[in-house]
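As structure tokens, the structure follows; a few thoughts come after it.
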Amino acid sequence: MKKKIAAVFIVVCMCIGMSACADSPEKNSDASSTEESSGDRETEAADGKYKIGFSQCVMNHPFRIAMVDSFKEVVGDYDDIESVVVEGNGDVQTEITNIESLIQQNCDAIVVSSLSGTSIYPAYKEVHDAGIPLIIAASGCATEEEDAYNFYDSFVSTDEVEMGIAAAQCANDLLEGKGNVVMIRGVVESTNSMNRYVGWNQEIPNYPGIKVIAEQSAEWLRLTANEVMANILQANDDIDLVYCENDEMALGALEAIRDADREDEMVIVSMDGQQDACEEIQNGGAFKVTITNNSDMKEAVSAAYAMAQGDSIDKRIILPYEIVTEDNVKDYIDKNY
Amino acid sequence: MKNKNETRKIFFQENKNEISIAILVVILLIVSPMLSEFFLSSANILNLLRQTAYTAIAAIGMYFVILIGGIDLSIGSTIQIVGMASIIMLNHGYSMGITIVSILLLSVGCGLINGILVTIGKLQPFVVTLVMKEIMAGIVLITTGGASISGQSIPDSFMVIGTGYIGIVPIPVIIMILVFIIAFFVMKKMIYGRLLFVCGSNRRAAYNSGVNVCMIQISAYVLCSLCAAVSGLLIVARTGAFQPSTTGQGATGMEMNAIAAVVIGGATLAGGVGTVTGTMLGALLYGILANLFPLIGVSSYLQQLIQGLIILVAVIISVKDSQSIVQKMKVRLRKL
Amino acid sequence: MKKREITQMIPVAMLIILMIAGSFLSANFLTVNNFSNILQYAVESAFIAIGMTFVLLIGEIDLSVGSVMAFASVIAAKMALAKQNIILILLVVLLIGLVCGIINGFIITQLRVEPFMGTLVMMMVMRACTFLFTGGGPLTGSVDASFKQIIKGNIANIPIGIWYVVIAFVIAYLVTAKTRFGRHVYAVGGGEETAKLFGVRVERIKMMVYAVSGILAALSGLLVTARIGIGEPRTGYDYEMTAITICVVGGVSMNGGKGGVQGTFIGLMVVSMIKNLMNLMNIDVNGQPIVTGIIILVTALVVTRKAKGSGRELVREI
Amino acid sequence: MGEQKREVVLELKGLKKVFGETTVLEDIDITFLKGEFHALVGENGAGKSTIIKTISGVHKPDGGQILLYGKKVKFNTPNDAQRAGISTLFQEIQEIPEMTVAENIFLGREPRRSGSVLINKKQLNQDAERIMEELGLSIDTTQRMCELPVSGRKMVEIARAVSQQASVVIMDEPTANLNAEEINALFRMIDALKEKKITVIYISHRMNEVFSLADRVTVLRDGKKIDTLDSNAYDEKSLISMMIGRELTEMYPKRQGEIGEVVLDVHNFSLDGFFQDISFQVHAGEVVGLAGLDSSGATAVTKALFGLCSKTRGEVFCGGRRLNIKNPLDSIRQKLAYLPEDRKTQGLFLNQNLIFNYTISSLWTRFSKMGVINNREEKERTEEVTKALKVKTKGLYSRPNELSGGNQQKVLLGRWMLDDYKVLILEEPTRGVDVGAKSEIYSQINQLAKKGVAVIIYSTEMMELLGMSDRILVFSTGQLTASLSKEEATQEKIMQYALVR
């Protein structure tokens, strides 16, 4: 009977035993609780090549995929950088495991783009404890007073709160200060939806004429947005502007508006600057403005490269966002697509 | 005296399933370092065990429910509601002791609702727990409005549960081993474990032999929610803040991973078959894969494909055993 | 009133209560084009719910419908973007549905794997194939208008979506109530051993049921592609749970042999109306699962109570 | 009626059937004539059901042939037999509860509209209606099966047989749990079958039915055919003696244990619908047999005593104290033990090892302290019991479904030998058990009785009751009609009190 316990204990002890005797490479010291001072790591990597890891939170959205492609492309230009990309599936536990595996692979710098807000901070702490520079790209990050603030070394992203504010300003310009707005949000619990929402709510109060008459979530999906918009059109007769938190949902809403042939009554403002959204703006329908989130990883990679070589980078590198409207949509498309 | 190879023969014959899974795990442990030189480092193994801890504890809870022939889809949402409640209570200045006790009571409440609806209400376990999952997920999203709640005044003693170490072993791993030992002891040595096996195998016969079938069934659901609460506490204690999970976006939820771990461990959904060691090994197998894939850079969708195929193989192996038993029984029934 | 009518009355009663409540809560709920709107957007759920009804009637379950729907949708999108002709796309989609259904049937009937686990594996595998096929993001580009007409056009100025729902349910009702295959589905669900004794080829019926479920899931995938014009790999998350919700609200029992397609239609209307009402009243859509959840518990508890009233047994039920 | 040469419909030639090591049927030669009512009689375990199951394709014969209209036939599934015109009514009703009567009748053979795939619902109901009139039944064919009483469902099964243009209809204990006028309705149906020249093969314990209906009777004993008699060539006495044949030989070990004081005292115990104010006493060391035909209430008494039924009335005293039993757990705590009728579905845990099966009821009292099981003690005691009962098994870790019927019954009996119980209630202790295991089970029961345990046996085998019990209580339609001591009890007397008047 006792032999039955052996079956599991062999395996569990083997794991712990191996880890104890395995010669833990000097770079990642035992993750004991003593604070590892981060600054004084040696700079050059073993074979002169720097290894930069990139952990992407989820791979099912065009913007996220564009980030990974541009990361690989930009790294290609540097001849002494070796890139490691790990992909999550939206679950924060998987993301933490991925970041830990980057730490195991002795990366010289780690770039993280996460959707999971505060739940990801322990992984940031581990990267910090391991003395590896951490760059956060295009995702929520800790504000000053949170203790997670000193875990990361640089935040390279468009500031989504700013984008929310910009969206509110565009809405105000299009409506000349007065009108009914329908807001279609993404997955409410994801950080970039939360930040854009915070930005929008900061700005809207100072335009008293604008009234948000409906606010629904469509989980970033075009199909859901299509149905939600169709219902909203049923319930509200005079809609002047539809604000969507990403292009996918905006295009879905547009489809519903065209079905109800009320395209001339309202205009659409959205974010992300996807190709088909820009084309929609070009042929001048209800789709008026999209605020581009910057999926270009050039700054992030250069920041990581610099950090890997030991020189310091300032804490916040805010990438400019572009407001694409009818007039500048032409050259935006030529530049990006 | 019973000779040596007699007991050995019985040991192998009894735990065919567990041994085949253990061999699979050992093979993986041998192959992995070849695939990626970073696998065998101490920090990685400990992280692997830490990540497995959450799923393993929830899977042990799920094992109890599957053993009596039921199923519990609501553990994912239980973990969420436990996390949320604990952060809110800590923010309101309750001491850690009170928080943990009231959290465990909350999960016992959820388990009781599941158990009573299935046993007394005589409803399908699948429907009951699916509904409870939706209701609890709705409650979480409505109270938090989707935003994460960061813990302002989280006492260090609470954080230690999630982030602390004893020697080099993270506390969640130790809690996982503790839960496993308790569960193993209950199933092997306690009457309660024996009653679970018996109720899962044949409810009417158990009733005729003087087993309080209703209480056993309800207690199994309570235990399952309790384990989910422990797992939830560990997860939220790690971050000190609660973030409503975005797993809705297609990653198979915690409950599916737990069910997969139990079934890979040799249990069948019909009940009465399967052991705690099997579940533990199933969870370990899942953990090793989840750790190995990013190291060798496998895309997250290829991971899901491989995990699905491994579940199929494990299920077919375990079906072969119970199938032979069921087959023989059918033939005998037709004979009489 | 015979016992059978009572159990079927409950979903209908639920529907009427919802309509009355809806008309009070939102002015333009009880209007013709709101209902046409509800029906139009319920086409995909209708197809999957009908497939799920067949599977539940034989007492089993199919978790892979959401993923099969996504896979078919993505393949159809690829072909539509390449301007293939619609008939070819339809054939390929039907083939995908058939193959997935037969694989499900094979795993469950020949390999003797439990339906829950077998279809869970198919769910994970098909979802992975979908994303691997599109490389993660949606397949975009312009789809010619005639392809969109599949879902957007009108016939006799009634939106085509409504025709699909009505035709699908009429055919499904005819099949379950009037054909030998339909009655054998009930026989397998009601008493597999007895059915086998009287020459019902149980395994063949199960294979056909899973094939029907697969084909209907693939068809709804095609409709999604026509509706949004792109191939979105994230289509169909949680559609299997919604389908089960719709069937259970409609009075279909998960032990098999009870309930019918007509109940599923009422379940579909109830669930869709709740979603529509919440959109109209601008209530946070997160609350919707709570309402449907409570409705399921009520109908399930009442329906099982009703079934209990049969004759006097000697030995107490446990 | 004279022996005029009628056409032979079905003939069994040298039929042989073996289960494991026991041969259940040995060179059976029976001929069934067209349109005759042929009864098969014999004790329990004489092989009647096995013959039917072999004819109807549930089992395959291990020797000999089945000839239908002179041609050799081979059925691997009951469906082949049905198509060939032999349809069978088994003891458990074969039905789909949720489907309508008409659908149950034509299951697998639904009439189709010309050319189309659709079922012709109208024709389905019409045919069902037609058959109902033909057999003089007034059942509404659109009703669901589960809404019909038991008799109605039996009638539907017969209607199904007729609709298959069956030339032979086999009925196994059809009048079980039917009340009086339902039985008359059944007899009227059987007469209708006779007019349609359909052969009926009938099995029943109820001699009065056999006498009033049967054209010919075949007597079976221990798997061999004794004789086939015409209706005028036998009477109740000669038939019973042929059935019994062997005297009460050493089959039932003698026992001279002295009878102690009253252990179980039952006062006007009743459960409405099953039995009314039953009073009897059982002494320590005494074996009391309960005899009664089907639905006589005997088996309901044993189940009610053990706490399986709700809403029983009347008092039950055990060792002077009034028992208040709501479920089996209370009974076990009051030291009552119970061996269920059907060991496979109500007694054993088929996918657990033998130790689990043995010790389940005595875990609290014998094998554990504060909830922790003492495995060593458990293994020793179960080994002891296995040796005592001479259970043939590969080891304590084998599963019950790898054992023969006899060994399974021994395991169940062993469960109640691990702790000392005051009262042992047995239902059909040796049903489907080979002869060898039977005598071992009987000797164990006697040993228990010697140790002072009060034993109550309910059995449909009269020989067993006569051989084993000191006193026999006879039940008929819910009433206790007689209490016969060992000396005065004989088969004929039991039968008289048991027969439905």
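As written, the chain order gives the labels A, B, C and D, with residue 1 at the start of each chain.
Please note the rule applied: a contact is a pair of C-beta atoms (placed from the backbone, for glycine too) under 8 Å apart; a residue touches a chain by one contact, two chains touch by 3 or more.
Values in this document were obtained by computation on a predicted structure and should not be read as measured data.
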{"item": "Graph separation of subunit B and subunit D (steps between touching chains)", "value": "1"}
{"item": "Subunit A to subunit D, fewest steps along touching chains", "value": "2"}
{"item": "Far-end chain from subunit D, centres as C-alpha averages", "value": "A"}
{"item": "Inter-chain pair with the most contacting C-beta pairs", "value": "A-B"}
{"item": "Rounded Å distance between subunit B and subunit C, as computed from the means of their C-alpha atoms", "value": "30"}
{"item": "Cα-centroid distance, subunit C relative to subunit D, in whole angstrom", "value": "45"}
{"item": "Centroid spacing, where centroids are CA-atom means, of subunit A and subunit C in whole angstrom", "value": "35"}
{"item": "Interface hub residues of subunit A, defined as touching at least two other chains", "value": "1, 59-60, 188"}
{"item": "Multi-partner residues of subunit D (at least 2 other chains)", "value": "308, 375"}
{"item": "In subunit C, residues with contacts to at least two other chains", "value": "131, 136, 234, 284, 286"}
{"item": "Pairwise touch network: line, ring, star, complete, or other", "value": "other"}
{"item": "Touch relationships between chains, expressed as pairs", "value": "A-B, A-C, B-C, B-D, C-D"}
{"item": "Partner subunit B, residues of subunit D touching it in the complex", "value": "19, 58-59, 306, 308, 327-329, 331-333, 338, 340, 344-353, 356, 360-361, 363-364, 368, 371-373, 375, 395, 397, 399, 401-402, 405, 415, 432"}
{"item": "Residues of subunit C defined as touching subunit D within the complex", "value": "2-4, 174, 178-181, 183-184, 186-187, 190-191, 194-195, 197-200, 257-258, 310-312, 314-316"}
{"item": "Residue numbers on subunit A that touch subunit C, as the complex places them", "value": "59-62, 64-65, 188, 213-217, 221-223, 226-228, 230-232, 234-235, 248, 251-252, 255, 259, 274-276"}
{"item": "Subunit A - residues contacting subunit B, complex", "value": "1, 3-5, 7-8, 10-12, 14-16, 18-20, 22, 24-25, 28, 30-33, 58-60, 84-94, 96-98, 100-106, 115-122, 125, 146, 187-191, 193-194, 219"}
{"item": "Subunit D-facing residues of subunit B, complex", "value": "10, 13-14, 189-192, 194, 197-198, 201-202, 204-212, 272-273, 322, 325, 328-329, 332-336"}
